[in-house]
Structure formats: structure tokens, C-alpha cells
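So that you can tell them apart, the chains are marked A, B and C in the order they are listed, and the count of residues begins at 1 in each.
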Amino acid sequence: MGNNAWFLMIPILVPLIGGILVSACHMEQRRLRQGFVMATVILNSVFVWAAIFWLQGKEFRLVELSQSMSLTLSLDGLGCVFAGMVAVLWPIASVYAFEYMKHEGGEVRFFKYYTMTYGVTLGVAFSHNLVTMYLFYEMLTLITLPLVMHSKTDAAKAAGRKYLVFSIGGASLAFIGMVFLYHVVGDATFTAGGMMAVQGLAAAKGQNLLTIFVITFIGFGVKAALFPFHGWLPTAGVAPTTVTALLHAVAVVKAGAFAVIRITYYLFGADVLRRTWAQNVVLLLAAFTIVLGSAKALKEQHVKRRLAYSTISNLSYILLGAALMTPLGLQAALTHMIAHAFIKITLFYCAGSIIYKAHYEYVPQMVGLAGRMPVVMGCFTIGSLALMGIPLLPAFISKAGLLTGIVELGTPAAYIGMGALLISAVLTAYYLFSIVIRAYFPGKGFDITSNQDARDPNWLMKGPLILLCIICLLLGLFPGRLLEFFADIAAGLF
Amino acid sequence: MDFACNFPFFSIMLLMFTGIISMIAGPRPAKILSLAALGISTVLSALLIAYINQTGESFIYMMGHFPAPFGNEISAGMFEAVMAFGICGVAFLSLWGNGASTKTDIPEKKRNLYYIMMDMLMASLLVLIYTNDIFTAYVFVELNTIAACAIVMSKPGGETIAATIRYLIMSLLGSGLFLLGISLIYALTGHLLMPNMHEIIIELVHNSNYTLPLIVIVGLFGVSMAIKSALFPFHSWLPDAHGSATTASSAVLSGLVLKGYIILLIKLFFRVFSLDILKEFHISDVLLVLGLLGMIMGSVKAIKETNIKRMIAYSSVAQIGYIFMGIGMDITIGLVAAVFQILVHMVTKPMLFTAAGGLINVSGHKKDFESLQGSAWKDPLAGVSFIVGSLSMIGIPLFAGFIVKYYLAAAAFDTSKNTLIILAVLVLSTVLNALYYVPAISKIYHRDEASKFNWQDVLRTIGAVGDFPYQASLIIFIILNIILGTCSGPVFQALEMGLDMLG
Amino acid sequence: MGLICILLPIIGGIWLLYKKRQTYFVRLVLLLHVLLTGILLFLPDTSWVVWKLTDQLNIVLKTDGLSRIFLAMVSLIWLVVSVYAQDYLEHDENPIRFFAFYLLTLGGLTGLCLAGNFMTLYLFFEAMSLLSVPLVLHTMTREAVAAALKYLIYSIAGASMALIGFFILLHYGSIEFAAGGTLSAAVISEHRDILLAGALFTVVGFGTKAGIFPMHSWLPTAHPVAPAPASAVLSGVITKAGIFAVIRVVYYQFGVELIAGSWVQYVWIILSLISVLMGSTLAFKEQILKKRLAYSSVSQLSYILFGLGTLTPTGFVGAVLHVVCHSVIKNGLFLGAGAVIHQTHKTKVRELDGIGKVMPVTMTCFTICALALVGIPPSGGFVSKWNLIAGSLESGLGLISWLGPVILLVSAVLTAGYLLGISVQAFITGKDKNGAAAGQEVSGRMRNSQMLLAFLAVVLGVFSGPLISYLETIAGGLF
């Protein structure tokens, strides 16, 4: 491994500095601010992709914290996936945010933290060992907190508190796992195949190892809304849609899923964990969350909360794939991570457009909206079809992978997971399609004039929406290259 | 004996002497003298560390040329030297940095008395660290108490007087129990010097004689020091005292005075009794439980506080709980972690208090959070220090608090019983800490959208708010915290060596 | 070639949605479709990869014997019903939308018939389900919307269940369709249980579309609430899509070997028999005409499922024959019912006294179809029932093979009751009443289409020979 890949610091620092500058230089003028943020974000994404092409496999030691712990950055296949996804989404999301935040206010403050979050998220992606990831993970919570509380209403503050408690709590659980690994086992560097398997350390530790794994899994799983720690996500729906979409459908929660994948495959090692009681526990937790999320989405009438519950459910698809601890399982988890990110952000942005233009927040209000907002509802329909798992659209491939992986593993807990996926598919169809159908077919006696205000939003919001839809379609039609890449990553681990 | 061995004695004498001289000095000279004395002591302690590192062993220093068991003794090893260094250094920074607020809070006529009391306080702390004689310890415990009460009370106002009375009563209770313990142990062993007592006690335990009295003695020592160091449930005096006093006093009290008693306790446990005997008596279990409770209750109470200084004071209760938890775990690594926490807290809490003082100053001397909103923009350095302190308390890597939590958790894994409870409480404590520090940060950084704000203003304010000592001390504190957070290795080694030498 | 057949109606439908021109356009598209399909039928068996998603998953189109039969049936009936629909929807609010989705659904169905592997089948199955929802919704009443959602959910649930089978097959065998099955004997013996579970899920999953108990309850809700032409194709054709899928999966993938004699076969047969009996009984009691016909579909479809479940060549032949016959017949019955409702606005059976007097053509066609369904020789219904019973007896399933025919016969009696009862009421009993005097006979197009279907019903029975032998050839390859 080469060292001194100091360039890895750049994509982390650029947004941090950029964000601070937004606030410090008091960029009140909209055009200046938007231009600056966009420039920063795009520049940074370019840096990320440059790093992906040239810096894979290199590491950079920042500082040593103690004999066994150091803050080190590196870039491997998994990190590329996460970083790459984030780097593609952030610029698109920024364009949307420019328009949306016009009606929310507080834009300087918003864009400061928004930009800084980009840097911190990349920090999670570039972490070489557990303590580095833990640092960036905690920082992620702290830096996204102001975004959750952006509107400064009482509800927002309460949501922020809940978010804080859950996130710090989860991180503390993971902390315990981290201490165990560094102190009892001796090291916590991310190694393909599992540090413990590679270093032959597993045998000695026995049962405690499995308990610690479950604790750490749950700890990082809190950010990925694993039952029973999912409660913060729907409450955080009170934040502006741009926040909910990017952060709570993409960056923050995917960071949680990413962390879970890291500890399972790069620390403890799948071979150590497969077919143990620990695996059953996490499989069942994921399966339960899948069903719980879908069921609650069904009952929920507030659009953003419904989508939040849907996120909870879909995140556990990823966790389920990770918990399968087979190459196919990991491949499926990664595929769904990407697929869901794009799909969910599309759906949230549609919801955001509706809130922005028509001021509708509840499902029953969205009757007949398709006539007025054809582009938005069209994208929503594509997103819904995609999430349901229609072939030729992204989630089908990931569900395919998950189900195949389940069959490959073959344990009873895995089949329970299959049942959960089945139930969830039906529920997903219902809670998404009931919106779609009512929007297109309002029913007799529908008053045409009731949706007067609703119009498709302008190009700042429409553009990203359409672009995301197209990406969804492309992902669904041409999954080959991506799947190969994921298979390689998975193969490198086994 | 090398010249370096005189250093402990020199430091103590210097401080006492300074105190005496300051009686005839005005406020400014008094302050300069105190700072000078502390500065010199710090340097001497540093040299001592280097010396002991070189020789690799502790030494005994006779006072007054009377050999034991008749004369008085000073024992200095790595542990004592590091503690002394920390205490002197932090005291220096606290006094120096908060000079301005001291000037505001304490009337001119009394100010030299204030510095005298500080000198006495520091001197007695050093004695507690270095002494090998238990009666001397008692004498200076009393001196410590009085001096501490004095620095609380020196800020005029009914609030402080009430707090001081409370503090005094609790402290005297502790001293009384301590004296009781001393009389008992003297009766049992016939010695006042610690090593000699140790020998006798080993014999007694070996023959299973006087087990009950010994347990009572250990209990008395434990409880008395617990009262004085605000271990739960003896902490009720702390928020009043630390919350109402002037900033320099709060810093010194929270950061140093509490620790002095704990250090004495550690010495007593190690040198007089030894870890194994303690394990037999199950005292550590009691300390562990109380420590765990303190960790939780301290934070819970802090969450409810609206007065920033009281909140920080309650946070101290929680942090003291960490130390006792570490002691109570009965294994070396736990103790090392506890001692490391002593150092870390020594560096962090005064920083927080100093920063809070700064924030209060720019908010019209009001201490509640409502008035403090946005104060961090007016005094950016204080805001940044507050953030650093909070992140350290929550346990973010790069900062010292993370290392503490790490080693405490590691110790929890090594200990054979209670692992789960300790870990659970650590987790809970982290969350609780976040619950009051993060809202505090968000309040002090609160900004109305309409307010105009730009970077030039901020830069200007950095230079303008607070004088140079204030700014410098905050910056040094921050650096110290980060150093402890990143270069803990050598520190740990030193502490381990020190604890070895203790026993 | 096959791709054009699929794309034509789809593009036509989308065009219609945007251009909103009707009249001749629809008929033109459908005629073209029939022509192209016809050509396709005479081309040899082909297979064509349309799109590769991954190494294992790709979209493949294929023509073989089975697809020809279904495709011919779908195409023809779609055309006939569209003629009827044109008049029926003359005074409708939104005929354009109806025809648009009508065409789109045809596209989906065509794709389904031409599917060359499970993946393609699944894709078009889902597509067709989704595209047919607006047909149910069409009247836009609250009940219609609720019914449409119910239809959607059941469809998705069924498809999801089938998907489980899909992945099991993907893992243990292949997803290509091959006559006789794609699972090797070795795999079967090793993983029997899992494969059987998968098979059951798939059968019940796709069977949902065909109203297998217990997934049938959407049928009586959805079919009646749609406009008559839609009910016709829903009951008559779209349900057959489910059957088609079951055939493909059972005979061309899992293979008879695996399922014959296993617990899955027993469950299958029992579920179908329950549906048969339940459907007929409920139809008998039902007063709303269209709902009665819907229950009848439940019953009749389970005849077909039963036949398929016997896993014998004869049973197979009988089942597929009944597919064609029932399709024609049910469409005819629904068109007749639709005509009655259109003219008299009466939906309940007991209100139809004496309607034969005012609407003789409609009711005659209705009766002919009814007779065919009951199974009076020489109608198609008789031949298919004969084969079904023979297949059952051949199947060697012990008690069931005797119970089956018994239940089929009982059901036949009930069918006579609930269908011919209407005819009797219409012509005989109500002869002196003018209960339905408000109506008059339907106009040309509606009348002609009904007559055509009735005619076909008879023809299929009388000249069933060629069809049967063709079916036997297909069956030969499967066992």
C-alpha cells in the first residue's frame, strides 16, 4: 500500500472550508451564494472522482491517537462506491435546494451546514479504520443537527433532540465495539475479508465476539434506522425536504448502512459470523424493520413521513443483504444502496415540489394532482414503479440479488427475511401506488378547480428531478457494469 | 541526594512564602507574585519529571533532618510529579487568564487576600500530593478547606456566602471523618508515616486481626475524601460553590481542589493499604457504584440547569464519577485511566469555566442561557474553547475525553465482573453529556437572521475581547486538550510508572 | 417480429392518450394487430433476445405452440370486443382513456404470450396488471377506485409470490422455458422441498390472477364495477394470462416430474376444487348479474386450474381447450349482460323478467353461450369437460381423482341453474310480463359482436378436432 495520499484530505476539507466561507463572507446575495456553493460542490465532486481513479489502495495517516489507534484515510472499492454515489448526488441536490430553500428562508445558515456535511460524509467514506470512521460518524451527527432543526419551530427542536439522542446513543454502542476491538483484539483496521479472519484472531474470542458484533451492528444500525431505533427518522421529516431527501434518504442513513457493511465484512469478517446466532439476530432485526417500515408507511397520511417510513424499510433491505454474509448478499446490498438512494431522492423531491408549489403535505390532498403537475407526478410514478421492483428499473436487480442471496444462504432466518421482502413488496405497491392512482384518476365528483395553485416547479427543481429519473432508468436498464464492480468488491472479500 | 530532590520542598515553600509576603503587598504585586510562584513551581515540577524519568525511581525526602519515624517526610515519584506539574500549570493558566474577571469581581481592598488564599491553597495541594505523613496530610487538608472557602466567598454577595457556608459544613464533616480515621489507624499501627503504617497493616491483615476496624478506617477515609471531592451523593455543595464563585475560583476548585483530595485518597489506598487488601474489603465496589451513580445523576441534573456555570459544575460531578469508577474497577488499567481522567479534567474544566466567564462578560454579566444567546459571536475564542471542551466531554476522537472513555471502556472489558453495567453507564453518560453540551453550544451560537455579521468584525473581536492573558490561556488549554487527545502514549507510560512507584 | 406485435398496441395506446382521436384509429390498430399476429402464427418457432440486463437476466421473446394459441385467442377477442365497446361507450365521459389503456393492456398481454423466459414473463405480467387497472377504474366512482386498488394489491401480491419461485428457479435451475422443465433430476432429488415450496408459491401467485382460492376475492369486486367490455376482457382474457403463466412455469420450468404426486399437487387440486364449488355456489345465490358472471369465472377458471393440476396429457388438453372456450363464452356472456344493462339500466337478475321479448338477439346469444358453458354436447364446453374428467381419472391421485369429476359435475348442474335460469326467466316465465319493457334491442355493432362470439362458441365445439390434435402435440412435448 502506498502512503502519503494526502490528496484524500482535500475532498474532505474543501467543503468544510467552503461552508464556513458561505457564512463568514455573509453571502446574502442569492446568485453569489448559489454560484459559490455550486462551484465548491462540483469542484469537490471532481476531486472525489479523481481520487477514485487514481488513489485507490493508497492511505494517508493523519495523526496517531495512541499506540493502537490512529486517524488514517484510505480509499478502497467499498469507499469508492459510497463516495462516488455521494459525489454524483450532491451537485444535483444542490440545484434543487437553491430553488426550494427560497421559500424556507435561512439560506446562508442552511448552505453552510449543507456544504460542510458533504465533507464529513466523505470522511466516513475515506476512513481506513474504525476510530477514524467513528470520528467522522459523530461529526456527521453534529453537523447535520442544525439542518434538522433548521426551521427552528418547537417541532424542529424536538426532532433535533430526538435525532441527537438516538445518534449519539447509537454511536456510543458502536464505541463499545470499537474499544473491544482495539483493546481486546488489538486492532480495528478495515481489511478486505475481515481484519480478524485475516489476522487469525477470531478463534480466541468466542462468544464475546458475537455479542460485541451484535452491539456494534445495532449501534451503527441506529443511523440506518434499524428497529427499535428507527424512531428518529420519521420525526426528522419536519426538516425542509432538501434536508430529508439528501441527508435522511441518502447521506446520513447510507453512512449508517455503510458503517454496518464495514464492520461486518471488513472487521469481523463474514466467515467468522456466518451461521452463528449473531447472524440470526441481525437478520431478524432487519427483516422485522422491513415489514415495520412498510406497514407504518401504509398508515401514514403525511407524505414525507410516509416516505420516511419507506426509507426505514428500504434501509433494512440493505442491512439484510449485508447480514447475509455471502458475496451475493453484499452485492445486493450495494446495489440497493445505490438504487434506493436515487429512487428515494427522486420521490422526496417530488414530494418537495408538491409542498413547495401546492402547499400540500398530506396524501388525501394530492387527489387529481397529475393534471396540474404532470412532470412531478410522472417522475413520482417512475420512482414508485422503480421502488416496487418492476423489472427494467433499478430495485428489481437489487431485490433479485437479495432473494438469490437468501436462497444461497439457506438458513431459516434468511427465509424469514424472504417473507419480509414479499410482504414489503405488496405494501410498497400499495402505499406508493395509491398516491399515483389517486393523482391520475381523481374519481367522480372531483373538483377540477381545487388544485389551482399547483403547477410544475421551475427548471431549478424540475431539472434535477428529471435528471434523477433518467439516472434511475439507466441504472435499471444497464446494471451490468455496476454489478460487475460490486461483484469484484464482494469477491475481494471472500 | 541530587539537587532535584529539593524541588517539591522548594515549590511548597515558595508558595507559602509568597502568600505570607503578599499580606503586605497591594493587589497587583500580589497577583504578580502568585503567578511567578506558580510559574516557577510548574517549571520545577517539569524538571522533577525529567529527573525521575531518568532515575526511574521515587525518592524520599526528609524534612528537617529528623529521620523517620519521628520527622516528616516527602515522597516523590512519577505520579506525584506529574500531578504537581498539572496542578501548578493549570493554576497558573487559570489565575493568569482570568485576571480581568478577578479584578471585576473582587473589590480592590480584598484582592491581595484573594491571592494569598490562592497561594495557600496551592501550597496545601502540593503538600497533599507529596507528603508521606498522614497527620501532615490532615493539617493541610484543613488548610485547604479554609483557603477554598475563602476563594469562594471572596466575591461579595449573598449567593457566595450561602454557598461557602454549605461548602464549609460539608468539608468540615469530611475533615472530621478523616481525623477519626487517622486516630483509629494511629491507634492500630502506632505510626503516622505511610510506609510504616503499611508494614503493620500487612501484618494485621495477614493474621486477620482487627479486620473490622481496618474496614471502618478504609471506609472513613473513603467517605471523607468522597465528601470533599463531591462524589455522589455528597455533591450537593458543589454547584452552589462552583457556580457562584468568581471564574478563577471555579476553575481552580473544579479543576484542582477536588483532585487534590482524590490524589490523597489514591495515595492512602496504595501506599497504606495496597490494592489487594482493598479488594478484600470490597471498598472498591462501593466506590464503583457511587461513581456510576454520579456519572448519571450529575449529567441528569446538568441537563435541567439554565445557569451556565452551574451546568458546568454539575458536569464536574459526572466527571468525578468517571474517576471513581476507574478506581473502583480494581485493576491497574482502570486506575491509570482514572488518573488520566484527573489530568484531562484538570485541563478541560478550567477551560470551560474560563470560556464561560468570557461569555458571561460579553452578555452583561448574566449567567443564564437566555441572556447568553449569541454570546459566542461576540467572544469567538470563548465560543471555540467551549466547543472544544464540549467535544472532549462528549468523547469525540482527537480530544482528550475520547481517550479517557476509551481506556475506561477497555478497563471494563478487562475486569471480570460488572463489565456490562459499566459499559451501559458509559453509553448512557455519553448520550446525557451530549444532551446538555450540544444545546448549550447551539444557544451560545444562536443568531438572529436579521443581525448583520461579517468576518472582519469577528477577526476584530478576537483581538479585542478579553486581554492577552485570557486569550493565551484559552489557547494553551485547547492545545493541551488536543495534545492529551493525540499523544496520550507517553503520558500513559509516565502514569503507569508512577503508579508502580507508589506502591 | 414479435416485438412489433407488442409495440404496436403500446404505441397506439400512448398515441391515443395524447392525440385523442378515436373512431377508426382503434379499429385500425387492432386489425393490424390481428394481421401481424396471424403472420406470426405461421412462422416457425423462434426466439429472440431483446435486452440483456445481466448475464443471467434478460428479456427474451419466443414463439411456440402454446404462445400461438393464446396469442390468437387474445388478438381475436380483443378485436371483437372493441367493436362492441365502440357503441357501448358512445355516451361515455372518457372513451379515449378507455381505449388507450385497452390498447396498452393488449401490448402487455402480447408480450406475456411471447415471453421466452420467466423474467420476461414476470415483466409483462406486472406491466399488464398495472395497465389494466385504469380499465377497472374507468367509471371513477368510489367503488371503482376501491376495487381498482384491491385488484392492484392482489396482483402485486400474486406477482411477488411468484417472484419467490423465480429466484428459487434462478438459483437451482434456469429461467428459460423448455418443454418438460429445466430442472435436472439431480437437482430435484437434492433440493426437493425448496423447489416444491417455490412451485407452490408460483402457482398460487400466478393463480391469483385466475382467482384461485384463497386469492379470489378481488375478482367479484373488480369485474362487475368495470364497464362491460372491460369486464369481458378482464374475465375472459386477462385471467387467462394467469393461467398461461402457471402453465409456463409448471410445465416448462419446474416440470411435471417434480410436482407429480407431491404434496404441492394435492394442495393445488384441493384449492382448485374448493374454488370450483365455491364459485358456482356463490354464483347461484348472487343477484347482481355481472357479479354472478364473475363468480362463474372463478369457478370456471378453477376447472382449468384443476385440469392443469392433474398433470396428465388429457387433463392438459382439456384445460387449454377450456381456456379457449371459456374465453369466447365468457366474453359473450358479459357482452350480453352489458347490452342488457346498457339498454335497461337494470343490474339485478330478478328484474330481467321477460326481457327476451324485447331483446331477443341478445338473449339468444346469451343462451347459446350458457348452453356451451354448461357442457351440452356438441359444444366446446362438453368436449373440454370430458377431457378434464378423463384427465382426472388418469392422474392416479387416489380419492381425489374420483372426487374431482364429482365436483365438476355438481358444478355443472349449478352452472345450468345460474345461467339457464336467467334464460328461462327472460324467455319463458316472464313471457307475459313486460318487466323490462323499457328496453329495446341493441344496435348493430353490439349485436353483431355478440352473434359472432356465440357462433364461435358453437364452432369450437363442433369442429374441435383440429384444435385438440394441435394441443395433443404440444402436450406430447411436455410429459
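Operating definition for what follows: a residue touches a chain if its C-beta (ideal position, glycine included) is under 8 Å from a C-beta of that chain, and two chains touch if they have at least 3 such contacts.
Worth saying up front: this structure is predicted, and the values here are computed from it rather than measured.
S.K.: If each protein chain is taken as a node and each touching pair as an edge, is the resulting graph a line, ring, star, complete or other?
M.R.: Drawn as a graph, the chains make an open path, so a line.
S.K.: Farthest chain from chain B, comparing Cα centres?
M.R.: Checked the centroid distances; the maximum from chain B is C.
S.K.: Name the chain with the Cα centroid closest to the overall protein Cα centroid.
M.R.: Answer by centroid distance: A.
S.K.: Nearest whole angstrom, what separates the Cα centre of chain B from the Cα centre of chain C?
M.R.: Measuring from centre to centre gives 85 Å for this pair.
S.K.: Measure off the straight-line distance from the CA centroid of chain A to the CA centroid of chain C, and report it in whole Å.
M.R.: Taking the average C-alpha coordinate of chain A and of chain C, the gap between them is 44 Å.
S.K.: Among the residues of chain C, which are close enough to touch at least two other chains?
M.R.: none
S.K.: Touching residues of chain C toward chain A in the complex: what are they?
M.R.: 51-54, 57, 59, 119, 122-123, 126-127, 130, 133-134, 137, 139-142, 144-145, 148-149, 152-153, 156-157, 160-161, 163-164, 166-168, 170-172, 194
S.K.: Which of the residues in chain A come into contact with chain B in the complex?
M.R.: Chain A reaches chain B through residues 24-26, 63-67, 69, 71, 105-106, 109, 131-132, 134-135, 138-139, 142, 145-146, 149, 161, 164-165, 168-169, 171-173, 175-176, 179-180, 182-184.
S.K.: Going by the contact rule set out above, which residues of chain A touch chain C in the complex?
M.R.: Residues 385, 388-392, 397, 399-400, 403-404, 406-408, 410, 418, 422, 425-426, 429-430, 433-434, 437-438, 440-444, 446, 477, 479-480, 483 of chain A touch chain C in their complex.
S.K.: With touch defined as at the start, can you tell me which chain B residues reach chain A in the complex?
M.R.: These residues of chain B touch chain A: 394-398, 402-403, 405-406, 409-410, 413-414, 423, 426-428, 430-431, 434-435, 438-439, 442, 447, 449, 452-455, 458, 485-489, 492.
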